[in-house]
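As written, the chains take the letters A, B, C and D, and residue 1 is the first residue of each chain.
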Amino acid sequence: GEQPFYILGPCALEQEDFAWEMARSLKEICERVGVPFLFKASYDKANRTSVTSFRGPGVREGCRILAEIGKELGVPVVTDVHTAEEAAIAAEYIELLQIPAFLCRQTDLLEACAKTGRPVNIKKGQFLAPWDTANIADKMRSFGCDNFMLCERGTSFGYNNLVVDMRGLYWMKQEGFPVVFDATHSVQRPGGLGGTTGGDGELAPILANAAMAVGIDGVFMEVHKDPAHALSDGPNQIPLAQIEATLAKLQAIRQAVS
Amino acid sequence: GEQPFYILGPCALEQEDFAWEMARSLKEICERVGVPFLFKASYDKANRTSVTSFRGPGVREGCRILAEIGKELGVPVVTDVHTAEEAAIAAEYIELLQIPAFLCRQTDLLEACAKTGRPVNIKKGQFLAPWDTANIADKMRSFGCDNFMLCERGTSFGYNNLVVDMRGLYWMKQEGFPVVFDATHSVQRPGGLGGTTGGDGELAPILANAAMAVGIDGVFMEVHKDPAHALSDGPNQIPLAQIEATLAKLQAIRQAVS
Amino acid sequence: GEQPFYILGPCALEQEDFAWEMARSLKEICERVGVPFLFKASYDKANRTSVTSFRGPGVREGCRILAEIGKELGVPVVTDVHTAEEAAIAAEYIELLQIPAFLCRQTDLLEACAKTGRPVNIKKGQFLAPWDTANIADKMRSFGCDNFMLCERGTSFGYNNLVVDMRGLYWMKQEGFPVVFDATHSVQRPGGLGGTTGGDGELAPILANAAMAVGIDGVFMEVHKDPAHALSDGPNQIPLAQIEATLAKLQAIRQAVS
Amino acid sequence: GEQPFYILGPCALEQEDFAWEMARSLKEICERVGVPFLFKASYDKANRTSVTSFRGPGVREGCRILAEIGKELGVPVVTDVHTAEEAAIAAEYIELLQIPAFLCRQTDLLEACAKTGRPVNIKKGQFLAPWDTANIADKMRSFGCDNFMLCERGTSFGYNNLVVDMRGLYWMKQEGFPVVFDATHSVQRPGGLGGTTGGDGELAPILANAAMAVGIDGVFMEVHKDPAHALSDGPNQIPLAQIEATLAKLQAIRQAVS
């Protein structure tokens, strides 16, 4: 089949020069490995566990930064939106809008994203079955949008834990839309570390391998040059120094199952 | 201890005279049983499974209706809000604001509700552990709000199913805030019936009994004079004809455990 | 309806005089509260987490002790059996045989218990849905046994945790057989404490209250005069000093829902 | 690393000539693909959902058949044992003993298997966390057995469903013993089809691909020349006609991740 694409970048737009540095490094790496690359970063972490957590530069400023990076490097850029208003603003700047998992059932947000004309990556809620994404797809189509993808990021499994049901990737694929696997958030341990959200960073590339062996259209992975000092989702991000080897292995698995 | 309170009413503000009729009937019944009553109805079902589902009259019109009912009958009124803007509007009219479960981690919405000065009932997300509500409570207090309650409405349990962990009511109570049990949504089968959300209405009062035996401060139950023809959440609402017996049994259990 | 019955006793037959002491105390308490009492203790903890854990005196010696206690005190006695051979031996001495949850699908063990002619209490496996007990009931009837009960003891919920779905008690009851709620093992945290099985003893009576409010035929609770020094399942057993108040509250709830 | 091994064969020893035919076919296929092959079949399905289900020829007769097949074809043979007595009998004939998932905590059965001196494949119970297998490993070592492997076959996930947590394969591997992935039983839907156990046969090879991408030592798959007419576990077995392609893809993935 077609080449899988990779949505890569740091969890948050921590600082402008940090974002540029990450984007340039990832672009070079993806060119070396020979894979399609989209740059991702969030301008607002709107559902942090704690109110004192870092949130980001906000929608207008964050999208401006991303758009400049995208234009300069010739790379499509991706970001999360949280309200109908943000969707409209972000769509002025951003190639691919993303709907966070907790918000995937909010009809007004889906409609606002659909109406922008931009493609949309919709994260499947941790509380949804794989086949429940059919209802999301129906909503998007009824709002005139056919250009969207569905993204797995783990399912609630007991308390403070998520599990990735690899069968879900197969079932979601049956609906005929591209399926993306978000390896970073799939290894989160929600609420597990007092006021922050813990995870198992070393498992993110391993789950990505498994998902690629099942068959997916794209991989989402957060990458940070220094995960231990990241301002959000530190424990889950893949170190920049490891991403090239990670991508190479994913491509080899893709080859094996094609 | 104190008398438990009851948040009762139809899922949605289907029509103005329907809302008046339900509120009058419920007020009479609660007076006969001798329990504190708050009237609840939603002006917008913002996260329906399907885009063609009934949604409601919208925030301004819905809150006007509820406020008139509340004033005339001398009953506090309750409704859900979905955005910061809606919170501000609803707070002009409504005594108790409610934050839907999917949105319980959206910091801006919590802040907007906290800032209204109104009390807030926060539904615990289906994806949260009971102790994760401590993070929600911390957010509310950091926004200057001490007048809120935490509401259990079931936890994700496999696909298309929720389970109520009765231990959770006990654990949530440890945080020192009133705990409400939402019997109606706890028996939902999310996504289970194609494009609508199925449930097990006959089980709602049974789970309320169990929760009362554990020890709670309030009960939330949706009541409809004709659940089979309700415009939303039909299968889960308690028939109006049964609510008096349901309340009497709950009060008897309360007596037994006090 | 009929009076509920109570299966009470220490987890294990730690020592002969300890068993006598527990049985005498429990008999007196149950007489004061006015409830039917069956005395339970295990002669072998056959599936302990660790191989170095205490197991017990074995089938023949353990059943002899239980039978003497039962005869002297005029109390029916209950114990677990783990193989077809043990079932035959235990049935010579014991009024009510119990099938452990992990073994509830072992056809030969069900058959051996059914063939003894003794009533059987079958614990529902942590891996079974409430309606799956219909298959167990069918097996028992096909082996000529109509005199059995089904017992809830929690369902797997993520890792190292169980949840009691109170709806399950209602669904199990639909099959027409007595339903027992095992409050002690329902609050276990399987595998949670290194080599032993942790739990939340203070929650056992609370879950029993909830189950009684739903409607059950019997309650199973392990009771120990000094849970902190119990040789097995210490953290989950109810202290003997609290059992009278626990039973009184359960009876009051029963009254309230009858 | 080393070549992974494959435990393949029909669920049950339906008939003697059927077993021979399956073993010969699988041996030829594994030789063509160039992978180590062990032949598996069960002599007794001891925990069938329904009492009227097919069980098999019994331990002595079943092991005789397997031993003859193994000797003639030069292939190690594998079978499940359910009691200490069966373990002793089977060990006279069989190279690799298997402990069923429901029985993985039964200390006496573990001990009996350990004492035979044969290697043992222990299925992880559907009710256990991956790290709980450390307790099983400790038991085996304390009984003098170091020659065993741990096998994942899915974890309880809500009702009538299992999920494979691919992280679990990684965690189980940390204990230093070979890890096997049982693709067939991992796609079971326990209790899902009235009196039989339903599944999703087409997903078995897909989950095996994912597990191989994570990294495992062996794969267990049930194979049948005509799954639709199998006497047990029909819907989950891989058709014989597809097994060669399945093995080839698994080997290609192994190559990609090595």
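Brief remarks follow.
Simple rule for what comes next: a contact is a pair of C-beta atoms (placed from the backbone, for glycine too) under 8 Å apart; a residue touches a chain by one contact, two chains touch by 3 or more.
No experiment lies behind these values; they were computed from the predicted model shown.
Checking B-C, C-D or B-D against A-B, more than half of the residue-numbered contact pairs recur only at C-D. Counted by C-beta pairs in contact, the busier of C-D and A-C is C-D. Per-chain CA centroids place subunit A at a distance of 48 Å from subunit C.
Separation between the centroids of subunit A and subunit D, computed from CA atoms only, is 37 Å. For the pair subunit C and subunit D, the distance between mean C-alpha positions equals 33 Å. Residues of subunit B in contact with two or more other chains: 155, 157, 159. Viewed as a network of touching protein chains, the structure reduces to a complete graph with every chain in contact with every other. Put simply, subunit B touches subunit A in their complex at residues 46-52, 55, 82-83, 102-103, 105-108, 125-132, 135, 138-139, 142-143, 155-156, 159-160, 190-191, 195. Subunit A makes touch with subunit C in their complex at residues 157-159, 161.
Contact residues of subunit C toward subunit B in the complex are 155, 157, 163-167, 170, 187, 200, 203, 206-207, 209-215, 249, 252-253, 255-257.
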